[in-house]
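Look at the two complexes coming up: subunit A is in both, with subunit B in one and subunit C in the other.
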Partner chain A sequence: MTVTPARAAGAVLLALIALAPLVPMAGMKQYVLHVVIQIFVWSFIGQAWSLMGRFGLVSLGHGAFLGVGAYAVVLLWNFYGLTPWVGGAAAIALSVVVALVVAYPCSRFGIIGHYFALVTLAVGEVVRLLIIAERDWTGGSLGVTLKAASDASLVAMQYADKRVWYYAGLGLWLFGLWVWARLDRSMARAAMEAIGEDETAAACVGVRVTRFKLRITVLSAALTALGGIAYAQYITYVNPETLAGIGVSLRIVFAVVLGGMYSLLGPTVGTALTIALSEWLRIVFGVKFIGMAETIYGLLLVIFIIFLPAGIYGSLAALVRRRRPAPVPATA
Partner chain B sequence: MSMLELRTVTAGYGQFTALWDVSLAVERGEAVAVVGPNGAGKTTLLRVISGVIPPRHGDLVFEGASLAGRPAHEVVAHGIAHVPEGRRLFPKLTVAENLKMGAFLPRARKAYRESLERVSALFPALAERQKQRAGSLSGGEQQMLAIGRALMSRPQLILFDEPSMGLAPVMVLRLFDLIRRVREEGYTMLIVEQNVRQVLKLVDRAYLLEVGRVRMEGRAAELSEQDFVRKAYVGL
Partner chain C sequence: MIDPIFLVEAAVNGIMLGGVLALLALGLNLIFGVLDIVWIAYVDLVMVAMYAVYFLVMVYGWPIWLGGLGGVVVGVALGILVHLLIITPILDSPPVNQLLATGGLLFFLQSIATFLWSTDHKSVRVSLPSIELGGIFVSYPRLIAFVLSILVMVGLYLFLTRTFIGTAIRAVSQDRGAMALMGASPQKIYVVTSAVGGAMAGVAAALLSIQYSVHPYFGAAFGPITFMICVLGGLGNMVGAFIASFVMSEIIAIGGVVWSTEMGYVIAFALFIVMMFARPGGILAKRQ
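== the complex of A and B ==
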């Protein structure tokens, strides 16, 4: 591998990120680590979403997969004492089933574009409402707390030390980047791009449209569920509002659109900015302007979709490169 | 043995039957047209061949293998390329990327460079526009690209679905020139077309389809001499 300035910068940045928990930050340390862990986990979820989004499979219901993943792992632990390593696998499998139940009929009957987005919007809500309705074991809208293990342990995947979660989050984020980059170099990307442009034309050149769409949807759902699991294990509390439904689903989409869904680091940049924004608003306004963050998100989203469809990072990267024009997103 | 043979194919959508007992054959090296008015079942016929809908009865045999009801990607893999109605390019991809997609299946991918040279030799205008987006090409160039993309899959047989649909009369003439160039390369083709007059000048044989049945078939020259065809379709 040749050493280019970009690669060198990336390596230095990565080393700094890896060493950050060792820097003494006095009283701020726990808070800083907490914010960065959130950025890692939500960036990973954003990457998972963009695997579909970049090919015009715009899902407004990824909260469904988050919720299924997070609740399944927490409930299996609380009720059956099943270690999250096994429970997590079950949770991911469950979210894959949900993804197939939604995506297969959509793919089969040609529900694409805006219509697909609307279907997924409903799915996210259905999962949220189910969680609220099944209050006997999900805790309803009050949420449910992960039963604490006797002490920090690998089996329970519970650690009070934020440094452990920092590195786990870092690993998750790097894994997401790796998946994204691998897909980007594969034939599946060419196939999905063709499908995103015109399904009939893609079928004409021999692309198995349904199969590719299902595969990418399953991959995206499984990774999203994994993100939900990681989040639940870190926060040790799950709640239908933060892990299912329209709110969280749209926040994922917003972060990715803001950063840029066509580039490797776009979801990360977008997530970091949105989390920083909401933290800042929370610190500056406290509880005075509830809903302010959402209002600003909404305004920015409209502005970005109109003026910077490739997102902040995507547009900057395109400016630097100028070799290939930044792709224009599907109008979904 | 014919390259492609449809044996008493009946097909339709739900309750509706669009094709009744249609039999048709294309020999290797031949250019065959299926002509007929709107609603005759021409597009349904192509959909059956390219695997979009399965035939209800009858068989579809290509190079000795039954393809009836096989999915579209298998049909392409067997060597049947499809130039769809309305061209159906990937507008935001470049010319080069569109051609590359044409060679998507493994067998075609292996011969990608060779195919590309062949297409570039056939349509030099495309070679000059490699990096341009397909959506920004002129109508004629888009038509070239649609045909070029089909050729990239290394087909034995090329299906053209209403190639002249929606083109201005002057463009129609150019289009048929393009198809003639492909024809001179020795490709076997089946063209579904409403422009009976032009297409009969190009092909060896033709079938006349009316309300889902084969009304007439024969040498192109003979068909265009038939009083019935001349009056109803050629407009003389």
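== the complex of A and C ==
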């Protein structure tokens, strides 16, 4: 691996991120760590979404996987005392089942584009409404608090120290980047791009459309569920509005589109910006103007989608590429 | 066991609800058919128009019918504004971006409504009695809403089939390219379509505001079901949307009585998902 300026900058940045919790920040430390952990987890979820989104499989129902993952792990712990390490595996398996139940017929019957978006939107709503309807053990719209473990924080996956979550979040985020990069270089990418362009044509040249679509959907759903589990364990509280349904599903999509869904760091940039923006607006306007922060957020989203359709990171990357002379294609 | 009379009552209420849902679905479907864009924020426009009706009637003391007309005017204005400000610049963008731009509008409308009018439920109080028919209670406002929505739909049908501009709108929804070749201005048709879609939202707002109280998350409550109805009926298919409205509203109404409101919606959405697989083109499409 040769050292290029971009790689060197990346390495320095990563080192800085890794060392950040060691920097003394007085009273601000807990808050800063909290914001950054949220950025890690939601970026990871955004990356998971973009695995599908970049190939034209625009899901507006990723809240379903998030909700299934988070609720399964929390309920298994609360009612059966099952450690999240096992419960998490069960939760991911469950969300994979949900993904297959939806994705198989979708792919089999050629449901794409608008229709795919609306079917997934319905799936997200079904999960949200089921959580609310089964209020006897899910707590309905009030949500559920994760039972605090008496001891053995590793078994319960509960840590009071935010630094632990910081590094866990960092690991999760890097794992998401790795998956993204791995897929980007694989054969699956070429196949999926062909499918995204024209399914019939792809099938004609021998691409197994259903198989590739199912694989990518399962991968995306499993990672999203993992993100949901991490979020639930960190916040120790789950709520149907924040973890399932149309609201959170759209938020995931927005953050990714804002950053740019065709680039490695796009989801992260978008998520970091939206979270930083809403935190900043919250600090500026406080509780005096409830809704003001979100109003500006919504307005910016519309403006960004109109004027920067490739996303912030995507547009910047394109700009840099245009400035620089075209790279010489590597001879293999 | 549930007394059958409750089921009958639920069925009747379902038909009433279906009328208003059909209005929403037809407005959204008209826009989709012509512009090929799903306005995710459509029911949030209805929410804003409902606030307009509320303020005109309850704060400025307009009579209810005039307030309702005011709501329609607000709906038309919103439809045109959305088209000119948001849709026009991104007409040639990928469908995802178009979907998301109106999704951003959804966030904007929800939160600005929270900011301006708080999350309190506001209702237009109309003191009208319920009618009893053989043990079944039907609320008078619902009956009025149902009858009016049917009349408006007939009006829409006549507009689309009997006027020149209506015919042009239907022509665009069939073949966008050919329309420009025939010398009609697509841009003008788009604006008119958005205005008519906005008017539908306004009428629905007026009719909904005498039955439900309005709050910033009203769109989130009625939005998903409206999309489902449009797709179930076949996106762009008016007759299909009309039938699908009643199917869905019956499921919600009867499911609500037998289990719970949420379960009614769950069953309706589940049916939608299953129907998508069985008949991807909508309930009226021929199987390929």
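Here is the rule we go by: the second predicted complex is superposed on the first by the 317 of 332 C-alpha atoms of A that agree within 3 Å, B and C clash if a C-alpha of one lies under 4 Å from a C-alpha of the other, contacts with A are read in each partner's own complex, and residues count from 1 in each chain.
As a convention for this text, contacts are C-beta pairs under 8 Å (C-beta built on N, C-alpha and C of every residue); 3 or more make two chains touch, one makes a residue touch a chain.
None of the values given here were measured: they were computed from a predicted structure.
S.K.: For the combined arrangement obtained by superposing on subunit A, do subunit B and subunit C clash, or do they fit?
M.R.: fit
S.K.: Look at A:A203 in the shared chain and tell me whether it touches subunit B only, subunit C only, both, or neither; answer first, second, both or neither.
M.R.: After superposition on chain A, A:A203 lies in contact with subunit B alone.
S.K.: For A:F40, decide between first (touching subunit B), second (touching subunit C), both and neither.
M.R.: In the superposition, A:F40 touches no partner, neither subunit B nor subunit C.
S.K.: Tell me which partner A:A190 touches in the superposition: subunit B (first), subunit C (second), both or neither.
M.R.: The answer is first: A:A190 touches subunit B but not subunit C.
S.K.: In the superposed model, which partner reaches more residues of subunit A, subunit B or subunit C?
M.R.: Partner touching more subunit A residues in the overlay: C.
S.K.: I'd like to know which partner A:F212 touches here: subunit B for first, subunit C for second, both or neither.
M.R.: Once the two structures are laid over each other on A, A:F212 reaches no partner at all.
S.K.: Which of the two partners, first being subunit B and second being subunit C, lies in contact with A:V302: first, second, both, or neither?
M.R.: After superposing on A, A:V302 lies in contact with subunit C but is clear of subunit B.
S.K.: Could you tell me if A:Y115 is touching subunit B, subunit C, both of them or neither one (first, second, both, neither)?
M.R.: In the superposition, A:Y115 touches subunit C alone.
S.K.: Between subunit B and subunit C, what is the tightest CA to CA spacing in Å in the combined model?
M.R.: In this superposition, no C-alpha atom of subunit B lies closer than 7 Å to one of subunit C.
S.K.: Name the residues of subunit A shared by its contacts with subunit B and its contacts with subunit C.
M.R.: none
S.K.: Which of the residues in subunit C end up touching subunit A in this complex?
M.R.: Those residues of subunit C that touch subunit A are 38, 40, 86, 89-90, 93-97, 99-101, 103-116, 118, 216, 220, 223-224, 227-228, 231, 235, 259-260, 262-263, 265-266, 269-270, 272-273, 276-277, 280.
S.K.: Quick one: which bits of subunit B touch subunit A in the complex? Just the residue numbers, please.
M.R.: Touch list, subunit B to subunit A: 50, 52, 71-73, 76-77, 81-82, 84, 88-93, 97, 100-102, 104-105, 108, 149-150, 153.
S.K.: Spell out the residues on subunit A that touch subunit B in their complex, using ranges where they run on.
M.R.: Touch list, subunit A to subunit B: 187, 190-191, 193-194, 197-198, 200-208, 327-328.
S.K.: How about subunit A: which of its residues touch subunit C in the complex?
M.R.: It comes out as residues 53, 56, 58, 102, 105-106, 108-111, 113-115, 117-119, 121-123, 125-126, 129-130, 132-133, 246-247, 250, 253-254, 257, 289-295, 297-299, 301-302, 304-306, 309.
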